[in-house]
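I'd like to ask some things about the structure below.
Chains here go by letter, A, B and C, matching the order in which they are written, and residues are numbered from 1 within each.
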Amino acid sequence: MRRIQVSTQSRSQMVNITGQVQREVQASGISEGICVVYVPHTTAGVFINEGADPSVMEDMENTLERMVPWNGPYRHGEGNAAAHVKATLVGESVTVIVEDARLQLGTWQAIFFAEFDGPRSRSVWVRVIQG
Amino acid sequence: MRRIQVSTQSRSQMVNITGQVQREVQASGISEGICVVYVPHTTAGVFINEGADPSVMEDMENTLERMVPWNGPYRHGEGNAAAHVKATLVGESVTVIVEDARLQLGTWQAIFFAEFDGPRSRSVWVRVIQG
Amino acid sequence: MRRIQVSTQSRSQMVNITGQVQREVQASGISEGICVVYVPHTTAGVFINEGADPSVMEDMENTLERMVPWNGPYRHGEGNAAAHVKATLVGESVTVIVEDARLQLGTWQAIFFAEFDGPRSRSVWVRVIQG
(Lines give C-alpha, C1' and ligand atoms only; values in the text may rest on other atoms or scores of the structure.)
Protein backbone atom coordinates (compact mmCIF):
# COMPACT_ATOMS: atom_id res chain seq x y z
CA MET A 1 0.00 0.00 0.00
CA ARG A 2 1.30 3.43 -0.95
CA ARG A 3 0.51 6.69 0.82
CA ILE A 4 -0.10 10.24 -0.41
CA GLN A 5 -0.27 13.23 1.93
CA VAL A 6 -2.74 16.04 1.28
CA SER A 7 -2.87 19.34 3.18
CA THR A 8 -6.13 21.26 2.93
CA GLN A 9 -6.56 24.97 3.59
CA SER A 10 -10.29 25.45 4.07
CA ARG A 11 -13.36 23.64 5.42
CA SER A 12 -14.47 22.50 1.97
CA GLN A 13 -11.86 21.98 -0.74
CA MET A 14 -11.42 19.77 -3.80
CA VAL A 15 -7.73 18.91 -4.38
CA ASN A 16 -6.59 17.48 -7.73
CA ILE A 17 -4.35 14.51 -6.81
CA THR A 18 -4.11 12.91 -10.27
CA GLY A 19 -0.36 13.53 -10.61
CA GLN A 20 0.40 12.09 -7.18
CA VAL A 21 -1.67 8.97 -7.84
CA GLN A 22 0.01 8.50 -11.25
CA ARG A 23 3.42 8.65 -9.55
CA GLU A 24 2.38 5.87 -7.15
CA VAL A 25 1.15 3.75 -10.07
CA GLN A 26 4.57 4.05 -11.74
CA ALA A 27 6.37 3.37 -8.46
CA SER A 28 4.35 0.16 -8.02
CA GLY A 29 6.00 -1.38 -11.08
CA ILE A 30 2.63 -2.74 -12.26
CA SER A 31 1.75 -1.85 -15.84
CA GLU A 32 -1.61 -3.61 -16.35
CA GLY A 33 -4.47 -3.80 -13.87
CA ILE A 34 -6.53 -1.49 -11.67
CA CYS A 35 -5.66 1.22 -9.17
CA VAL A 36 -7.70 1.65 -5.99
CA VAL A 37 -7.50 5.12 -4.40
CA TYR A 38 -8.80 4.99 -0.82
CA VAL A 39 -9.44 7.75 1.74
CA PRO A 40 -9.16 6.49 5.37
CA HIS A 41 -11.13 9.41 6.83
CA THR A 42 -14.83 9.83 7.64
CA THR A 43 -15.24 13.52 6.78
CA ALA A 44 -13.42 13.44 3.42
CA GLY A 45 -13.79 11.44 0.22
CA VAL A 46 -12.45 10.98 -3.29
CA PHE A 47 -14.14 11.25 -6.68
CA ILE A 48 -13.41 11.75 -10.38
CA ASN A 49 -14.73 14.73 -12.34
CA GLU A 50 -13.62 17.60 -14.56
CA GLY A 51 -10.13 18.96 -13.89
CA ALA A 52 -10.00 21.67 -16.56
CA ASP A 53 -12.43 24.39 -15.40
CA PRO A 54 -12.19 25.25 -11.66
CA SER A 55 -15.77 26.55 -11.71
CA VAL A 56 -16.99 22.93 -11.89
CA MET A 57 -15.42 22.21 -8.49
CA GLU A 58 -16.91 25.45 -7.12
CA ASP A 59 -20.36 24.27 -8.27
CA MET A 60 -19.69 20.82 -6.80
CA GLU A 61 -18.90 22.29 -3.36
CA ASN A 62 -21.81 24.73 -3.41
CA THR A 63 -24.34 22.18 -4.62
CA LEU A 64 -23.29 19.64 -1.97
CA GLU A 65 -23.60 22.42 0.63
CA ARG A 66 -27.16 23.22 -0.54
CA MET A 67 -28.06 19.51 -0.35
CA VAL A 68 -26.36 18.90 3.03
CA PRO A 69 -26.12 22.27 4.84
CA TRP A 70 -23.39 22.60 7.47
CA ASN A 71 -25.87 23.92 10.05
CA GLY A 72 -28.12 20.93 10.12
CA PRO A 73 -30.27 20.05 12.01
CA TYR A 74 -28.03 17.22 13.21
CA ARG A 75 -27.50 15.20 16.41
CA HIS A 76 -23.74 14.54 16.19
CA GLY A 77 -22.05 16.61 18.90
CA GLU A 78 -18.85 17.45 17.04
CA GLY A 79 -20.67 19.81 14.67
CA ASN A 80 -19.34 18.19 11.49
CA ALA A 81 -22.24 15.84 10.68
CA ALA A 82 -22.64 17.42 7.23
CA ALA A 83 -19.04 16.45 6.40
CA HIS A 84 -19.78 12.79 7.26
CA VAL A 85 -22.83 12.75 4.98
CA LYS A 86 -21.02 14.47 2.08
CA ALA A 87 -18.15 11.97 2.39
CA THR A 88 -20.58 9.08 1.91
CA LEU A 89 -22.33 10.81 -1.03
CA VAL A 90 -19.09 11.19 -3.01
CA GLY A 91 -17.58 7.94 -1.68
CA GLU A 92 -14.34 6.95 0.05
CA SER A 93 -12.67 5.26 -2.95
CA VAL A 94 -12.33 5.25 -6.73
CA THR A 95 -11.07 2.46 -8.98
CA VAL A 96 -9.23 3.36 -12.20
CA ILE A 97 -8.04 1.04 -14.98
CA VAL A 98 -4.24 0.95 -15.51
CA GLU A 99 -2.61 0.26 -18.90
CA ASP A 100 1.07 0.74 -19.83
CA ALA A 101 1.66 1.87 -16.22
CA ARG A 102 -0.71 4.81 -16.72
CA LEU A 103 -4.07 5.64 -15.15
CA GLN A 104 -6.71 5.41 -17.89
CA LEU A 105 -8.77 8.56 -17.38
CA GLY A 106 -11.11 10.27 -19.81
CA THR A 107 -9.93 13.44 -21.55
CA TRP A 108 -11.48 15.80 -18.99
CA GLN A 109 -11.24 13.57 -15.92
CA ALA A 110 -9.09 14.21 -12.85
CA ILE A 111 -9.01 12.52 -9.42
CA PHE A 112 -10.07 14.86 -6.61
CA PHE A 113 -9.53 14.51 -2.88
CA ALA A 114 -12.69 15.95 -1.31
CA GLU A 115 -12.13 17.78 1.98
CA PHE A 116 -15.36 18.47 3.88
CA ASP A 117 -14.04 19.29 7.38
CA GLY A 118 -10.72 21.08 6.89
CA PRO A 119 -8.27 22.53 7.10
CA ARG A 120 -6.45 19.29 7.97
CA SER A 121 -3.51 17.10 7.11
CA ARG A 122 -4.93 14.03 5.32
CA SER A 123 -3.78 10.69 3.93
CA VAL A 124 -4.78 8.88 0.75
CA TRP A 125 -3.93 5.20 0.28
CA VAL A 126 -3.20 3.70 -3.14
CA ARG A 127 -3.11 0.03 -4.13
CA VAL A 128 -2.40 -1.22 -7.64
CA ILE A 129 -3.62 -4.73 -8.51
CA GLN A 130 -2.14 -6.59 -11.47
CA GLY A 131 -4.46 -8.28 -13.94
CA MET B 1 -9.40 -2.90 -21.54
CA ARG B 2 -12.61 -3.48 -23.48
CA ARG B 3 -14.90 -0.77 -24.81
CA ILE B 4 -18.69 -0.46 -25.09
CA GLN B 5 -20.39 2.27 -27.09
CA VAL B 6 -23.61 3.85 -25.82
CA SER B 7 -25.77 6.31 -27.78
CA THR B 8 -28.15 8.40 -25.73
CA GLN B 9 -31.27 10.15 -27.05
CA SER B 10 -32.14 12.72 -24.39
CA ARG B 11 -30.50 14.99 -21.81
CA SER B 12 -31.12 12.57 -18.95
CA GLN B 13 -31.35 8.84 -19.71
CA MET B 14 -30.59 5.59 -17.89
CA VAL B 15 -29.42 2.89 -20.32
CA ASN B 16 -29.35 -0.78 -19.23
CA ILE B 17 -25.93 -2.06 -20.37
CA THR B 18 -25.91 -5.36 -18.44
CA GLY B 19 -25.95 -7.53 -21.58
CA GLN B 20 -23.08 -5.61 -23.19
CA VAL B 21 -20.95 -5.82 -20.03
CA GLN B 22 -21.67 -9.56 -19.73
CA ARG B 23 -20.47 -10.07 -23.32
CA GLU B 24 -17.18 -8.33 -22.50
CA VAL B 25 -16.75 -10.52 -19.42
CA GLN B 26 -17.11 -13.63 -21.57
CA ALA B 27 -14.80 -12.22 -24.25
CA SER B 28 -12.12 -11.61 -21.59
CA GLY B 29 -11.75 -15.34 -21.01
CA ILE B 30 -11.63 -14.79 -17.24
CA SER B 31 -14.07 -16.90 -15.27
CA GLU B 32 -13.32 -15.92 -11.64
CA GLY B 33 -12.61 -12.43 -10.33
CA ILE B 34 -14.11 -8.95 -10.49
CA CYS B 35 -15.32 -6.74 -13.32
CA VAL B 36 -14.73 -2.98 -13.21
CA VAL B 37 -17.11 -0.92 -15.37
CA TYR B 38 -15.73 2.60 -15.85
CA VAL B 39 -17.21 5.72 -17.48
CA PRO B 40 -14.51 8.11 -18.84
CA HIS B 41 -16.86 11.12 -18.97
CA THR B 42 -17.53 13.91 -16.47
CA THR B 43 -21.27 14.42 -17.12
CA ALA B 44 -22.28 10.75 -17.09
CA GLY B 45 -21.92 7.89 -14.62
CA VAL B 46 -22.74 4.24 -14.00
CA PHE B 47 -24.72 2.55 -11.24
CA ILE B 48 -26.58 -0.65 -10.37
CA ASN B 49 -30.28 -0.68 -9.54
CA GLU B 50 -33.58 -2.29 -10.53
CA GLY B 51 -33.88 -3.32 -14.17
CA ALA B 52 -37.39 -4.79 -14.11
CA ASP B 53 -39.75 -1.82 -13.65
CA PRO B 54 -38.90 1.24 -15.82
CA SER B 55 -40.72 3.53 -13.36
CA VAL B 56 -37.79 3.08 -10.94
CA MET B 57 -35.44 4.73 -13.45
CA GLU B 58 -38.00 7.48 -14.06
CA ASP B 59 -38.06 8.16 -10.30
CA MET B 60 -34.26 8.05 -10.21
CA GLU B 61 -33.97 10.72 -12.92
CA ASN B 62 -36.69 12.94 -11.44
CA THR B 63 -35.36 12.70 -7.88
CA LEU B 64 -31.81 13.55 -8.95
CA GLU B 65 -33.25 16.50 -10.90
CA ARG B 66 -35.08 17.75 -7.77
CA MET B 67 -31.86 17.40 -5.74
CA VAL B 68 -29.61 19.00 -8.39
CA PRO B 69 -31.80 21.19 -10.65
CA TRP B 70 -30.50 21.86 -14.17
CA ASN B 71 -31.04 25.62 -13.76
CA GLY B 72 -28.75 26.09 -10.84
CA PRO B 73 -27.56 28.56 -9.60
CA TYR B 74 -24.13 27.52 -10.92
CA ARG B 75 -20.90 29.23 -12.02
CA HIS B 76 -19.73 26.80 -14.75
CA GLY B 77 -20.12 28.59 -18.09
CA GLU B 78 -21.07 25.56 -20.20
CA GLY B 79 -24.50 25.34 -18.54
CA ASN B 80 -24.17 21.65 -17.60
CA ALA B 81 -22.92 21.98 -14.00
CA ALA B 82 -25.85 19.89 -12.74
CA ALA B 83 -24.70 17.00 -14.94
CA HIS B 84 -21.22 17.11 -13.36
CA VAL B 85 -22.68 16.96 -9.85
CA LYS B 86 -25.10 14.13 -10.68
CA ALA B 87 -22.23 12.14 -12.23
CA THR B 88 -20.31 12.33 -8.96
CA LEU B 89 -23.38 11.43 -6.88
CA VAL B 90 -23.99 8.16 -8.78
CA GLY B 91 -20.27 7.53 -9.39
CA GLU B 92 -18.09 6.85 -12.43
CA SER B 93 -17.55 3.12 -11.84
CA VAL B 94 -19.07 -0.07 -10.45
CA THR B 95 -17.30 -3.28 -9.45
CA VAL B 96 -19.12 -6.60 -9.86
CA ILE B 97 -18.02 -10.08 -8.74
CA VAL B 98 -17.49 -12.61 -11.57
CA GLU B 99 -18.01 -16.37 -11.15
CA ASP B 100 -18.18 -19.00 -13.91
CA ALA B 101 -17.55 -16.17 -16.41
CA ARG B 102 -20.81 -14.49 -15.36
CA LEU B 103 -21.50 -11.19 -13.61
CA GLN B 104 -22.90 -11.96 -10.17
CA LEU B 105 -25.86 -9.58 -9.88
CA GLY B 106 -28.82 -9.77 -7.52
CA THR B 107 -32.16 -10.96 -8.91
CA TRP B 108 -33.46 -7.47 -9.66
CA GLN B 109 -30.14 -5.75 -10.38
CA ALA B 110 -29.03 -4.33 -13.72
CA ILE B 111 -26.07 -2.10 -14.67
CA PHE B 112 -27.16 1.32 -15.92
CA PHE B 113 -25.19 3.89 -17.87
CA ALA B 114 -26.37 7.27 -16.54
CA GLU B 115 -26.52 10.04 -19.12
CA PHE B 116 -26.89 13.51 -17.57
CA ASP B 117 -25.93 15.77 -20.52
CA GLY B 118 -27.15 14.02 -23.68
CA PRO B 119 -27.91 13.25 -26.32
CA ARG B 120 -24.35 12.06 -26.97
CA SER B 121 -22.25 9.18 -28.18
CA ARG B 122 -20.51 7.74 -25.09
CA SER B 123 -17.92 5.11 -24.16
CA VAL B 124 -17.82 2.67 -21.28
CA TRP B 125 -14.59 0.85 -20.40
CA VAL B 126 -14.55 -2.66 -18.91
CA ARG B 127 -11.67 -4.46 -17.20
CA VAL B 128 -11.92 -7.96 -15.74
CA ILE B 129 -9.38 -8.91 -13.05
CA GLN B 130 -8.71 -12.56 -12.26
CA GLY B 131 -8.66 -13.72 -8.66
CA MET C 1 -17.52 -15.58 -3.27
CA ARG C 2 -18.39 -15.48 0.40
CA ARG C 3 -21.76 -14.57 1.87
CA ILE C 4 -22.83 -12.62 4.96
CA GLN C 5 -26.42 -12.56 6.23
CA VAL C 6 -27.87 -9.37 7.71
CA SER C 7 -31.27 -9.09 9.42
CA THR C 8 -32.68 -5.60 9.68
CA GLN C 9 -35.34 -4.47 12.15
CA SER C 10 -36.66 -1.19 10.74
CA ARG C 11 -37.29 0.55 7.42
CA SER C 12 -34.04 2.51 7.57
CA GLN C 13 -31.08 1.06 9.47
CA MET C 14 -27.30 1.21 9.24
CA VAL C 15 -25.71 -2.07 10.38
CA ASN C 16 -21.98 -2.21 11.21
CA ILE C 17 -20.71 -5.34 9.39
CA THR C 18 -16.96 -4.70 9.77
CA GLY C 19 -16.37 -7.73 11.98
CA GLN C 20 -18.23 -10.08 9.64
CA VAL C 21 -16.33 -8.80 6.58
CA GLN C 22 -13.01 -9.15 8.43
CA ARG C 23 -13.86 -12.80 9.23
CA GLU C 24 -14.47 -13.49 5.53
CA VAL C 25 -11.15 -11.86 4.63
CA GLN C 26 -9.34 -14.19 7.03
CA ALA C 27 -11.32 -17.22 5.80
CA SER C 28 -10.27 -16.41 2.22
CA GLY C 29 -6.64 -17.16 3.05
CA ILE C 30 -5.53 -14.08 1.07
CA SER C 31 -3.26 -11.72 2.99
CA GLU C 32 -2.46 -9.00 0.40
CA GLY C 33 -4.89 -7.42 -2.05
CA ILE C 34 -8.33 -5.83 -2.05
CA CYS C 35 -11.71 -6.82 -0.63
CA VAL C 36 -14.90 -6.06 -2.57
CA VAL C 37 -18.06 -5.93 -0.43
CA TYR C 38 -21.15 -6.12 -2.66
CA VAL C 39 -24.87 -5.78 -1.88
CA PRO C 40 -27.08 -7.70 -4.37
CA HIS C 41 -30.23 -5.73 -3.53
CA THR C 42 -31.79 -2.62 -5.12
CA THR C 43 -33.18 -0.96 -1.97
CA ALA C 44 -30.08 -1.35 0.21
CA GLY C 45 -26.43 -0.36 -0.11
CA VAL C 46 -23.08 -0.38 1.64
CA PHE C 47 -20.75 2.45 2.65
CA ILE C 48 -17.88 3.31 4.97
CA ASN C 49 -18.15 5.99 7.65
CA GLU C 50 -17.72 6.60 11.37
CA GLY C 51 -18.40 3.62 13.62
CA ALA C 52 -17.69 5.20 17.00
CA ASP C 53 -20.56 7.65 17.63
CA PRO C 54 -24.05 6.28 16.75
CA SER C 55 -25.35 9.83 16.29
CA VAL C 56 -23.42 10.01 12.99
CA MET C 57 -25.53 7.17 11.57
CA GLU C 58 -28.69 8.84 12.90
CA ASP C 59 -27.73 12.02 11.05
CA MET C 60 -26.91 9.97 7.93
CA GLU C 61 -30.38 8.38 7.90
CA ASN C 62 -32.20 11.62 8.65
CA THR C 63 -30.26 13.67 6.08
CA LEU C 64 -30.84 11.08 3.35
CA GLU C 65 -34.54 11.11 4.28
CA ARG C 66 -34.67 14.91 3.93
CA MET C 67 -32.94 14.68 0.53
CA VAL C 68 -35.06 11.76 -0.72
CA PRO C 69 -38.35 11.75 1.23
CA TRP C 70 -40.19 8.43 1.48
CA ASN C 71 -43.46 10.02 0.36
CA GLY C 72 -42.25 11.23 -2.96
CA PRO C 73 -43.73 12.18 -5.42
CA TYR C 74 -42.75 8.97 -7.26
CA ARG C 75 -44.15 6.79 -10.05
CA HIS C 76 -42.93 3.36 -8.91
CA GLY C 77 -46.00 1.38 -7.76
CA GLU C 78 -44.36 -0.54 -4.91
CA GLY C 79 -44.06 2.59 -2.76
CA ASN C 80 -40.33 2.16 -2.09
CA ALA C 81 -38.89 4.42 -4.81
CA ALA C 82 -37.01 6.48 -2.21
CA ALA C 83 -35.16 3.34 -1.09
CA HIS C 84 -33.98 2.70 -4.68
CA VAL C 85 -32.64 6.25 -4.99
CA LYS C 86 -30.90 6.17 -1.58
CA ALA C 87 -29.26 2.84 -2.49
CA THR C 88 -27.71 4.43 -5.59
CA LEU C 89 -26.58 7.53 -3.66
CA VAL C 90 -24.59 5.48 -1.11
CA GLY C 91 -23.63 2.79 -3.64
CA GLU C 92 -23.92 -1.02 -3.83
CA SER C 93 -20.25 -1.82 -3.14
CA VAL C 94 -17.10 -0.73 -1.33
CA THR C 95 -13.51 -1.75 -2.01
CA VAL C 96 -11.05 -1.94 0.89
CA ILE C 97 -7.29 -2.58 0.79
CA VAL C 98 -6.13 -5.79 2.55
CA GLU C 99 -2.69 -6.17 4.19
CA ASP C 100 -1.55 -8.95 6.52
CA ALA C 101 -5.01 -10.52 6.06
CA ARG C 102 -6.63 -7.46 7.63
CA LEU C 103 -8.97 -4.83 6.19
CA GLN C 104 -7.08 -1.53 6.10
CA LEU C 105 -9.59 0.95 7.50
CA GLY C 106 -8.97 4.40 8.94
CA THR C 107 -9.07 4.82 12.72
CA TRP C 108 -12.73 5.86 12.81
CA GLN C 109 -13.98 3.93 9.78
CA ALA C 110 -16.45 1.05 9.83
CA ILE C 111 -18.30 -0.74 7.01
CA PHE C 112 -22.07 -0.23 7.18
CA PHE C 113 -24.82 -2.19 5.47
CA ALA C 114 -27.47 0.42 4.60
CA GLU C 115 -31.06 -0.82 4.82
CA PHE C 116 -33.56 1.54 3.16
CA ASP C 117 -36.64 -0.73 2.82
CA GLY C 118 -36.63 -3.03 5.85
CA PRO C 119 -37.16 -4.90 7.95
CA ARG C 120 -35.77 -7.69 5.75
CA SER C 121 -33.34 -10.57 5.65
CA ARG C 122 -30.45 -9.47 3.41
CA SER C 123 -27.27 -10.85 1.86
CA VAL C 124 -23.86 -9.25 1.42
CA TRP C 125 -21.29 -10.81 -0.94
CA VAL C 126 -17.55 -10.58 -0.31
CA ARG C 127 -14.71 -11.28 -2.74
CA VAL C 128 -11.02 -10.93 -1.89
CA ILE C 129 -8.60 -10.44 -4.80
CA GLN C 130 -4.90 -11.15 -4.34
CA GLY C 131 -2.38 -8.61 -5.55
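As a convention for this text, a contact is a pair of C-beta atoms (placed from the backbone, for glycine too) under 8 Å apart; a residue touches a chain by one contact, two chains touch by 3 or more.
Keep in mind that this is a model prediction, so the values were computed, not measured.
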item	value
Inter-copy rotation, chain B to chain C, in degrees (Cα atoms; steps of 5)	120
Copies chain B and chain A - interface residue numbers shared by over half, same or different	different
Gap in Å, rounded to a whole number, between the CA centres of chain B and chain A	20
Multi-partner residues of chain B (each touching 2 or more other chains)	33, 67, 89, 91, 95, 129, 131
Residue numbers on chain B that touch chain C, as the complex places them	33-34, 47-50, 53, 55-56, 58-60, 62-64, 67, 89-91, 94-97, 99, 104-109, 129, 131
Contact set on chain C toward chain B in their complex	1, 33, 36, 38-42, 67-68, 72, 74-78, 81-82, 84-85, 87-89, 91-93, 95, 125, 127-131
